[in-house]
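Across the two complexes that follow, chain A remains constant while its partner is chain B and subsequently chain C.
What follows is the complex of A and B.
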């Protein structure tokens, strides 16, 4: 089937226009981050004629403890992500593979909580963390991130766990292994693409999280990157080249992760042909 | 809690009821190591907060240690609706506007882009998909900086530069964020630009999931491209469209970073939505009771909105 060239041209024009409108603001942001000493709003002409230079990047990295905040965010994110994944996998496995009285009720309750936006829980969550004496600690933050996120990740993984054929378990059972062995040796390796996808979501969600972190962390030295970015923005309100240089550094980890894992992202039909003959 | 692994059911009771209980306990002991932490975490950090929210919404709550937090009945709810600045009513109005404006635009753009990218002659589909998805992987804060920059007041904000300086559409540069309607437009554009890629990716996956055989069969029957689109593609996309629309409505219903990072509710709290109003009232003005009342009303509204649809789609998996 051949499509006439004017139609092809029109289609390409529309999707290229779409792509351009998504790309152009990024390009404009990157170009702005190269401008030296922009203390007022840079003129569009200046932006388009700028010479690429990493000067601002070096500057913001050593300014206002930026490197410190980057490290803080890395610690917060890595622990929260690992904890969320581990707890999500365990819970999903429990719901996918076991039958027990009250399971349906428990699962429905879980589902109901998913329909209510998490943001409204932020006040009581803060009060709980406060009564535990964990305000201003990463422990308080991790409890909220991990405890508050387990329903979502368990729900996401449960579907994948359920589609793993029971036949796989027989080999473990024959060897005399139990539920834990089945979990480690069958369910986790079989669901790697799903777990990797969830890991990226979890990474991005925690890395960017602003509202809870702002409420729980008061100590300046312990701030995470999003808070630091916003404070940086309030302090140097018009210096967009610094703000964007800092922003781009903050974006890099997420973007790199997406690029690295792009091919392994979960698509439909991920488990086709697992059991042979 | 100990379970007798062997032994007779207690005499005098229905033996079958006893063994059923024993079986249930045994099942629980098997699953408990796996779900205990998850259930406990959810109970403490999700379910209990919801209950606590309702309690606080009836209190004159103070964050100070040792405060006695008296119960004040519906005072917080009453003051939410009798406030002379109408903050809550304004926030509800904005929420409906946000849904009414962004959902149709977002949905239309998503399906049009997805269908066009999926056309058989289009090359480099992955490149297009990646570019459209870029805003999704960028953080809300950074995109907000970017939009505040592009829509900056004065003649050198890029949008003002184009519309006022180059094209001369306005007699003076616009201060986008200090007027209600122009601030709302910026918030809407921000939201749409940031989230359209999600719809495109979901629709692309759905389109690629439609078996080629349907089109081949239709082609043999003499149906042309347009006919095939309306009689195969559109009906096959039905369930995905429902899923996409529910998520778009939910997303538009819960504007929070969109408002907080662009206008922080301003000018004069006019662009607030319920979540942003709640957050600022709680952690800036320390009106915890009032903020909880807003949170409870919001929870009920969103719940009512999603309950029926989520039931239908609860068991489907999507990326």
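What follows is the complex of A and C.
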């Protein structure tokens, strides 16, 4: 039965209103970033009459070591994301396809660590990193980011891996391939949608991470982007247009990653048709 | 590869890691060595802004290191928030502090009275050094017969009037007393831009109307915070709030007071020198052109609240002697003049006068800084501010009368001060 047009109109109106209400703060933020010298949050009249230019963006890029911290964050995030995804995939593969004593117990222990808020872990984590001599190094940060990321990735991917038909593996075994070949040529390509989704979570989680970075990194030159953003918040007079311009620059990599990966997000039916009958 | 060889290879890799030559000494710079170079490095934590940091690193530090070839300064810029305060407290408690810290004047008493700072007045030349500074700025760091801080820059808030509204009312300059300002606001329906109820934001108004927070020795609030003068002052502010002559933003925040006073929507507001100094060129001219700044009305004694930053040597500093040499450099005329170009007001009198001559908007601030009052320089100040703000909010929300709210606040503050 065809939906009557007034109802359709109403539904679309509600959807459009919902979308607008989500978009509005973001648009407001972008427009505010074009205002010159907004030392208190500007009024709508000012915001909507602004002429967009990149003046504030150029300015913040050269302020507060922003460019340097952007680069630092890029290095930290890319290594942490790659590391936690790779190790997460391997761990998930192990839990999904192998049987070994204490497997379920170990997996549940893994899950248990996910329930503990990160802030509680910070002291033991710091002590471990310190005893390894990794305080004030990216090595220390990567250890925590990758170590923390593996658990979540393994949990997320295990179910995904288990849904891949065993027959694929058998076909590799018949052709003389081993476990690595199965992992690399079957599991990874088949799980691309899940891995792409995880990549975004992992990227975002590390890119925006503030607290651990603040605790582990002492050297000013090695600080990451969230700390640079904080520096724009002046003690006496905060220029909100700079904060918003800097936040938007900081947001760009995540948005770009979304756009790049959006077609690969978790889809169903990805591996259908690979097995006969 | 056979499994045995693989295991052997992995074992070798692990053992090879032991050859990495990692030192068992965690901080090698602090270990004395034979034939050691005499150069020492001091760590300086500060919260200077981007522009101020540039002047510090490009001008002041190279000049200092040239004059003191045996000292190197490692500046570390920090973000100013409560986290920094707790980090400094824990570092000083564990004797692992930086050598010099530039901190908010409001934190100094808490640090000094908790035994976390080294006394500066133990240095023989302390009196000579402080002679060059504005005399009323050093009192925040005075405790039990010793001085613990060196003021490096100072500020205060002044009353900033809308030139347009003053001219409209036929006035060539702002009224001399706050009572007259209120009369003018009531007569013409002009608004007063009080920005909040925290001590830093509301005490200048309360003091200008005859209120007080504690006795002069900062030992008692009862009889002062709930004294007749303060109750009357708060009741007057409250009635202005009810008449909508003080904006609702005083409780909720969110008003654009800067723009409102420039465009003639507000008669008067309060702020520090950054009201002007963050702008350049046409925007600065506009701010100067559209406003008239005067010190907060001193009819009942000083009503200008003292703010700024002090230099301190935390407990645990490894090189207090070198730290002291650096601090003296920072309050010297050259360093102070260099830093004042960013908008900071020097504590060095000579540099301050040069600054006042150079910038048209500075004189009201330097004039106000001659007669300031201090937020009570006691260890419990942060807790006191919280109590005061909490009860002031309840009073403005209509939950408590001014008399009751201030009496309760005074009783709680007395308990703190007695402890």
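In this text, the second predicted complex is superposed on the first by the 239 of 277 C-alpha atoms of A that agree within 3 Å, B and C clash if a C-alpha of one lies under 4 Å from a C-alpha of the other, contacts with A are read in each partner's own complex, and residues count from 1 in each chain.
In this text, a residue touches a chain if its C-beta (ideal position, glycine included) is under 8 Å from a C-beta of that chain, and two chains touch if they have at least 3 such contacts.
Keep in mind that this is a model prediction, so the values were computed, not measured.
In the superposed pair of complexes, A:210 makes contact with chain B only, with no contact to chain C.
In the superposition on chain A, contact is made by A:3 with chain B only, not with chain C.
Using the contact criterion defined above for the overlaid structures, shared-chain residue A:43 touches chain B and also reaches chain C.
Of the two partner chains, both chain B and chain C are touched by A:230.
Looking at the shared chain after the overlay, A:22 reaches chain B, while chain C stays out of its contact range. In the superposed model, A:171 makes contact with neither chain B nor chain C. When the two complexes are superposed, the chain touching more residues of chain A, out of chain B and chain C, is B. Applying the stated contact rule after C-alpha superposition, one finds that A:128 touches chain B and leaves chain C untouched.
In the superposition on chain A, the residues of chain A touched by chain B in one structure and by chain C in the other are 40-43, 214, 230, 233. Only residues 24, 27-28, 30-31, 34-35, 37-42, 44-50, 52-53, 56, 109, 112-113, 116-117, 119-122, 128, 130-132, 134-135, 137-142, 145-147, 149-150, 152, 154, 156-158, 161, 193, 197, 205, 209, 219, 225, 254, 256-257, 260-261, 275, 278-279, 282-283, 288, 291-292, 295-296, 298-299, 302-303, 306-307, 310, 314-315, 317, 319 of chain B touch chain A when the two sit together in their complex. On the side of chain C, the complex with chain A involves touching residues 22, 47, 49-50, 76-77, 79-81, 83, 104, 155, 254-259, 272, 274-275, 278-279, 283. Residues of chain A that touch chain B in their complex: 1, 3, 8, 11-12, 14-15, 18-19, 21-23, 25-26, 28-29, 32, 40-44, 87-88, 90-91, 93-95, 98-101, 106, 109-125, 127-128, 143-144, 146-148, 150-151, 154, 159-160, 179, 183, 197, 204, 207-208, 210-211, 214-215, 226, 229-230, 233, 240, 243-244, 247, 250-251, 254-255, 258, 262, 265-268.
The part of chain A that touches chain C in the complex is made up of residues 36-37, 39-43, 63-64, 133, 214, 220, 227, 230-231, 233-237, 239.
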